[in-house]
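Below you'll find the structure, written out as structure tokens, and then a few comments.
All chains are identified by letter, namely A, B, C, D, E, F, G and H, in their written order; residue positions are counted from 1 within each chain.
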Amino acid sequence: MKKPMEQMKRECLVIGNLANLDVERESATGVPEVILARGKNAEDLCILAEKLLEKKGHVIITKAKAEHFEAIDQKIDAEKKFNKKAGVAVLKKGKIEKDKIGRVAIFAAGTADIPVAEEARIVLEEFGCEAVTGYDIGVAGMHRVFPSIERASDEDVDVIIVVAGMEGTLASVVKSMVDVPVIGVPTSIGYGYGGEGTSALMSMLQSCSPGITVVNIDNGFGAASAAYLICKRISENKGEPHA
Amino acid sequence: MKKPMEQMKRECLVIGNLANLDVERESATGVPEVILARGKNAEDLCILAEKLLEKKGHVIITKAKAEHFEAIDQKIDAEKKFNKKAGVAVLKKGKIEKDKIGRVAIFAAGTADIPVAEEARIVLEEFGCEAVTGYDIGVAGMHRVFPSIERASDEDVDVIIVVAGMEGTLASVVKSMVDVPVIGVPTSIGYGYGGEGTSALMSMLQSCSPGITVVNIDNGFGAASAAYLICKRISENKGEPHA
Amino acid sequence: MKKPMEQMKRECLVIGNLANLDVERESATGVPEVILARGKNAEDLCILAEKLLEKKGHVIITKAKAEHFEAIDQKIDAEKKFNKKAGVAVLKKGKIEKDKIGRVAIFAAGTADIPVAEEARIVLEEFGCEAVTGYDIGVAGMHRVFPSIERASDEDVDVIIVVAGMEGTLASVVKSMVDVPVIGVPTSIGYGYGGEGTSALMSMLQSCSPGITVVNIDNGFGAASAAYLICKRISENKGEPHA
Amino acid sequence: MKKPMEQMKRECLVIGNLANLDVERESATGVPEVILARGKNAEDLCILAEKLLEKKGHVIITKAKAEHFEAIDQKIDAEKKFNKKAGVAVLKKGKIEKDKIGRVAIFAAGTADIPVAEEARIVLEEFGCEAVTGYDIGVAGMHRVFPSIERASDEDVDVIIVVAGMEGTLASVVKSMVDVPVIGVPTSIGYGYGGEGTSALMSMLQSCSPGITVVNIDNGFGAASAAYLICKRISENKGEPHA
Amino acid sequence: MKKPMEQMKRECLVIGNLANLDVERESATGVPEVILARGKNAEDLCILAEKLLEKKGHVIITKAKAEHFEAIDQKIDAEKKFNKKAGVAVLKKGKIEKDKIGRVAIFAAGTADIPVAEEARIVLEEFGCEAVTGYDIGVAGMHRVFPSIERASDEDVDVIIVVAGMEGTLASVVKSMVDVPVIGVPTSIGYGYGGEGTSALMSMLQSCSPGITVVNIDNGFGAASAAYLICKRISENKGEPHA
Amino acid sequence: MKKPMEQMKRECLVIGNLANLDVERESATGVPEVILARGKNAEDLCILAEKLLEKKGHVIITKAKAEHFEAIDQKIDAEKKFNKKAGVAVLKKGKIEKDKIGRVAIFAAGTADIPVAEEARIVLEEFGCEAVTGYDIGVAGMHRVFPSIERASDEDVDVIIVVAGMEGTLASVVKSMVDVPVIGVPTSIGYGYGGEGTSALMSMLQSCSPGITVVNIDNGFGAASAAYLICKRISENKGEPHA
Amino acid sequence: MKKPMEQMKRECLVIGNLANLDVERESATGVPEVILARGKNAEDLCILAEKLLEKKGHVIITKAKAEHFEAIDQKIDAEKKFNKKAGVAVLKKGKIEKDKIGRVAIFAAGTADIPVAEEARIVLEEFGCEAVTGYDIGVAGMHRVFPSIERASDEDVDVIIVVAGMEGTLASVVKSMVDVPVIGVPTSIGYGYGGEGTSALMSMLQSCSPGITVVNIDNGFGAASAAYLICKRISENKGEPHA
Amino acid sequence: MKKPMEQMKRECLVIGNLANLDVERESATGVPEVILARGKNAEDLCILAEKLLEKKGHVIITKAKAEHFEAIDQKIDAEKKFNKKAGVAVLKKGKIEKDKIGRVAIFAAGTADIPVAEEARIVLEEFGCEAVTGYDIGVAGMHRVFPSIERASDEDVDVIIVVAGMEGTLASVVKSMVDVPVIGVPTSIGYGYGGEGTSALMSMLQSCSPGITVVNIDNGFGAASAAYLICKRISENKGEPHA
């Protein structure tokens, strides 16, 4: 870890009165700067993306909508990968080498939760982790969860991300059978009382299964970042105990 | 990880019509069974504690109140350690050996957040982790946070637990300067609009600093469990990458 | 069913300016009048209980507290059965004959949910149903739920009542494995965000497992009443299809 | 009921990374798998519907919108029945025989509640129940409820589903005059404070009339499923009491 | 009505730094100044009561608790009437003459709602209205409401106050059968979701029966004040239409 | 008032499975049946309007949107009056005679509150009341309220309706200067915390000025109905006191 | 300050039944009348703007949308300045002289918060204050805040406005390092639990850093008004202490 | 203002593992460190108070309860001033000289709001401001507010603090007549819907009167701090405009 007082001098990429890109974020906080498209218009987004691409050669954009994809497609010159269901765009210039650092299982309770799960998967893969997915395995058909847990176990994953809307039960059920950290991502799938992710978020926070931590509703990127930091820490470990 | 279908045969310690203690929980889920005193009367608590003590030789009780401590003190014959501020009792019979597995920093924003931080600390230490604490370092006096982060960095901690009530700002601020996972524990300290932990919980879930995950309000034990699982995974790693 | 317009002439037992006891409720609505102690002082409760006892010979009181039990004990002359954990008092005068009408399983997720489960059990038994219980079988130790479901299946129960606080997950999990109606009773056990039963109620209402219906938080009596009506309807059926 | 541990081997129809259709759900949980259109795009919906149709010959789709109906209409080759107000599509291939199993009354408080009531009606009829409807009978004109209750009584229904938005009062009023179970379905009809179904849901959960259970807002399908399970249980009963 | 600008010179009875009693309130706003005990300590309450008593000869105190009644009993020299269930104290010095001005029916849904209904009744009677009561007539036994409405009709009441907790249904049901204004008073009686009066308040605000207006939870005094103003206006009318 | 049990036989105008129009509502409840357009599609609305028009010769439709106005304009043959800002359509066939019965002041706090105020005004005028309006007189410019109150006083109004969004303060301020009943209508005008009418509704329910009652957010029709019932009662009074 | 009773005669500019413009507001309350476009249609807005322009020669319009800008552009004849991102239009006729009165720093946490910050900036500049801006300096990159605070200090600002969405942490952090009043403006930027400004508002209200006051979500104009009043008061001060 | 980076070296008074007192807070942030008793036990409070007293000679404690006052009284040796209604204790050692810096009016709407107003008054006076109070002047008797505003005007106050519970209307009304900044303090006085300060807080945040800023519910100290910073800034001003 960098000394905190020294970090106070981290470089900024000032883009007019629009943004102060924190280009040393990765070395300081472990997580690369990723651009959140939500709340930005397509024009501003492209300006930020281009500047960051120039500086870093590798840009991840999350929560992008049709208008963002269109603008990026037209205005930015780079190698591009779009996953429109997940709302993620990946832009690259030149060759990016990433060490493989860990393996993460990503489970989605229902078909409608897949976009958020995919957001997490892509981010993790761009960060250098391997992803093992198990989708549509919610507890309405409890038996479907076993093979996915078994596969996660066989693959010896470091962390499991559980993406679930509605009652959000899957996180508790999974954690009751695994001995690795579980990160819950409630989704805004749901309806009526407890809809928009409220029930799923509560459910995960109230869980009786210790070892679950939670990110905010639909925050696939946040879960991926936390999982990545855990993997990174694991991969850095030399195996000897702390003095 | 144990095969999930085999876990469905995990042994239970049936205590009348009162409880089904899940005595194989540790081997299956990585986290030992801990007894939550909240919602249980002192008499029932003692019955559960005694049975578990008999079986395991080591019992941790959280969220205990005066009446619980008193009953344990009178009725249970064991080596006992009480931390009444934190609401934690530790009971032991015979010699318990634990490997040291990792190091966790625990920060508390204000004096009133210390009980929850201490709950996390004791649980972690009983689980075999080392704890590094930094208390009353909230952002009203921002400068106080730097030495604690520096110390966490020097001690090369694996995870940081940030315990904070009121506006819950400390988690975001800490995460912006560290490259390890941060687990936020909002506390019920606060008042008026956003009191009882609501503001702190929201703040941590809304954080702009990626890499924070959160447990429910005042859940020091939950944060400790998740931190412990991360440490355990790190300590188990042989240093070689996944195939 | 009685003609609705005729029911508009149902007899009332007028008790001063205090109450209008609906003494024909059972024949009209299928469910006997039961006295809710909550919100009534001990003195008024005893007056109502005595009048109803006189009229019916059999009185069930729910949500009673210490002061209510004490007053009943002192002031009312009848055969009395108290279950203080469940807050239920049963008073009888003379011989009450009830047909056995059906069998209901009652599951409780945690030790702290037992009082509400017991409220349901006693009410059901007083109404004439058989009860099959399975307590402390929540999903933190998933394997514990199987034997209870198996027993419910062996006993060929007509309905299952699932009592659960915290994340309230048990109802969904149980329903995914049974082909009888499940009635969920969220309990006020829980803490922080989603506490006081909110999370459990939401979870049950959001359930992906079709066939669950829900009563309000801690309403063991309500669940028992609905289960009883189902059993009654089943027991009345002669086996021939509707014309 | 099937043994729960055996159910853990229930067959799944895996559809790429999109879905794990639980094709043995009916035999295990009593309720056939029905496809929820909400949250799915039209293309994915058609894939799922076609696969299920192939397997089962009979598919019910709920909460469908214009785009879903259009896609189904164009892409799926089957006998189709659409009820666009209710958002329900029924697809059949070949001859489906269903036993008649019970009779359910469905009441709707206002004209705006009819779509949800119709969702319940169609699902019930597809499941094999008879439906008796009484619409626009809310308590603003109390007298309108009597003929509907009378008809339900004459038809000897097994269960009554009450669909109501606004203050949701109808459920309590109906239950006060009938001796069969009542399932309340609050609807999102309403406005201002308590709108979007909140008031109706609360009202039904707070009801003073015992014997009401509730499903989530607008969940006509959920109410139909629960009512169907009750009817099924009744129709299976041979009339002799449990041993 | 007094000219508003002139009212800006209404006399105040200044009591140290404690209160500015608005002694001309009755002539200006139609409603006499009444002292709310809630939020005041017993000592301050007595000072205010005594000053007002001196000035007006007639004081009504609402929401008084045991400690307030005790202090009034000991410290104030006047003719006193206490209704402890309703939390109302009435103090008089000398002879108070009030014209009879109208008749109000007060209905309470359940036994637990009676204290609030009684608060309204006493205030109305002190203001000079006649009160007609009908208690414990909630819709769980619908038939009980008819005789009370009939009596209100026979007595030709000007307004009906409906006091109800739980689902608060009674207000809608009553209004559907009467042609006078109905004022709803939700009470804090209730539990779980929608408890503390929330459900009752929503229910009354969402009512489909036009002609209901509402006051805040447990505000018997507020309902009485509004009913009184209506009665007063009616009694002042000379029968001739407005020009 | 009609005897309540006789009302249970009130005539209904059954319109297929769509509606049960309560055509005797006016004589029974004092308020004519008015059609709420919200939640109905244009086609159904026109069917209901036409049937009611045929029966009564006079139809009021509230909360109509562009599509409703258009459909009414094209499909219904009658004398029509549209106020699109207020969302009200009035349809007449033949000559409708209404007695003038009372006078109501309608105040609106801001320009944005005028549509709801106009809804109330039109309904009142159609019911036969005179309306006195004072718009944009909110407390940000306190002085603007005086002339309106003065005018209401000069016109000797029977009731004042106060329509206000944002902080909803106007109701309290007006009531502090008038001796007639005040009916508050919170509007959904507002933003951020307390927006969508929440703050205005709370403010009116919490008011320190006794004599205010409240209807739900934006419910201009509800306020008009209650005001009309008060006026009707006043106009019916012969001036002699109740026996 | 003007005598309050005299203010009750403040002039109004009556615009039909549409508005009562409070044209003396500035001299009375210190803040000029500004027109809020939200909730007004474009036509009405232009009428108000034109009348006020005529009277004052200087009009500020906030929260304008595309349709408002278009209408102003076409219908109003004046010198116009539009900032569409900020939703602000400034109209002038003739020469407006304003004294410079104070200096205010405006900080925005993220790029998405800039529109609200710009609303505050333009309003302040139109009122005669100097503005010093620092944008995209949120705590995810803590180091970015130091240069902005330093600049505010160098420029000797009188007040700092902090505009922040998400967790709203920036206000607390800034206030912990400055000795001038800080006004927090939470923005509706955010998502999931605590979204739409809730978390940011709570965070600022719960702040441990004394000296922060808050306006409602997105209320850039409100913050500017308060900051302006502080500056005005400072600039009016002659330096001598109060007698 | 001190340079922010230099502030990062502000001195701390470390008190075991209990607190890091920020003893340079006043010079850095303008507001002296004040001890909040809420959430601290009496013993810890006394330790903190004593250490701070030793260092500074002047300690203010807010939100103290009986047990805190008692402990301070017994354990701390200093000149003490207690205001138990306001929950404030002031401790001094030796002579403290404070410059008089400004004048603040403090208004309280009702008698029950006085404790919070007094908290603000005492803090302000200890900080060196003059306070002008006007209590029990809420809008139920609107006329009472004029003399207080007039007095504030005569005294030429720099800021007005308005303390109000219930509907919180007073802040808007006052601001509509004054040209100085107004700081609103909602109080937890209130009941039912909008109680515990919610309505008052919303009301102040929604205010149509620009120039109001708000602190959290019951936060008299926070309002005093902000008012003090404004006064301090005013008193420091030399009268010449910024360059």
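Heads up, the rule we're going with is that a contact is a pair of C-beta atoms (placed from the backbone, for glycine too) under 8 Å apart; a residue touches a chain by one contact, two chains touch by 3 or more.
Treat the numbers as computed from the prediction; the structure is a model and nothing was measured.
*Asks:* Quick check on the contact graph: shortest path length from subunit B to subunit E, in steps?
*Replies:* Counted as steps through touching chains, the separation is 2.
*Asks:* Applying the touch definition from the top, give me the chains sitting in contact with each of subunit A and subunit D.
*Replies:* Neighbours common to subunit A and subunit D are B, C.
*Asks:* Using the contact definition stated above, find the chains touching both subunit D and subunit E.
*Replies:* Expected: C, F.
*Asks:* As a test of understanding: of all chains, whose mean C-alpha position lies farthest from that of subunit F?
*Replies:* Chain centre farthest from subunit F's centre: B.
*Asks:* For the two copies subunit E and subunit H, what rotation in degrees overlays their C-alpha atoms? Round to the nearest 5.
*Replies:* Result for this pair is 90 degrees.
*Asks:* Taking all residue numbers at the subunit F to subunit G contact, is the shared part over half or under half, that is, same or different?
*Replies:* On the two sides of the subunit G and subunit F interface, the residue numbers are mostly different, under half being shared.
*Asks:* Please compute the C-alpha centroid of subunit E, do the same for subunit G, then give the distance between them in whole Å.
*Replies:* 44
*Asks:* At what distance in angstrom does the C-alpha mean of subunit F lie from that of subunit E?
*Replies:* Each chain reduced to its C-alpha mean, subunit E and subunit F end up 25 Å apart.
*Asks:* Can you compute the centre-to-centre distance for subunit C and subunit E, using the mean CA position of each chain? Integer Å is fine.
*Replies:* Distance between chain centres, rounded to whole Å: 37 Å.
*Asks:* Of all residues in subunit G, which are in touch with two or more distinct other chains?
*Replies:* 5, 7-8, 110, 140-142, 146, 176-177, 191-194, 198, 201, 205-206, 209-210, 216, in rising order.
*Asks:* What chain pairs are in touch here?
*Replies:* Touching chain pairs, listed by label, are A-B, A-C, A-D, A-G, A-H, B-C, B-D, B-G, B-H, C-D, C-E, C-F, D-E, D-F, E-F, E-G, E-H, F-G, F-H, G-H.
*Asks:* Using the touch rule from the top, collect the residues of subunit E that touch subunit H in their complex.
*Replies:* Touching subunit H: residues 7-10, 12, 17-20, 22, 25, 38-40, 44, 48, 186, 188, 197-198, 201, 216-219 of subunit E.
*Asks:* Over in the complex, which subunit H residues touch subunit A? Could you list them?
*Replies:* Contacts found on subunit H: 5, 8.
*Asks:* Hey, which residues of subunit B end up touching subunit A in the complex?
*Replies:* Within the complex, subunit B contacts subunit A at residues 1-5, 7, 27-31, 34, 99-103, 130, 145-146, 149-150, 152-153, 155-156, 158-159, 175-181, 183, 201, 205-206, 209-216, 221-223, 225-226, 228-230, 232-235, 237-239, 241-242.
*Asks:* Can you check the complex and tell me which residues of subunit E touch subunit D?
*Replies:* 109-110, 138-142, 166-169, 172-173, 176-177, 190-195, 198-210
*Asks:* Could you pull out which subunit D residues touch subunit F in their complex?
*Replies:* Residues of subunit D touching subunit F: 110-112, 114, 133, 135-137, 140-144, 146, 165, 189, 191-194.
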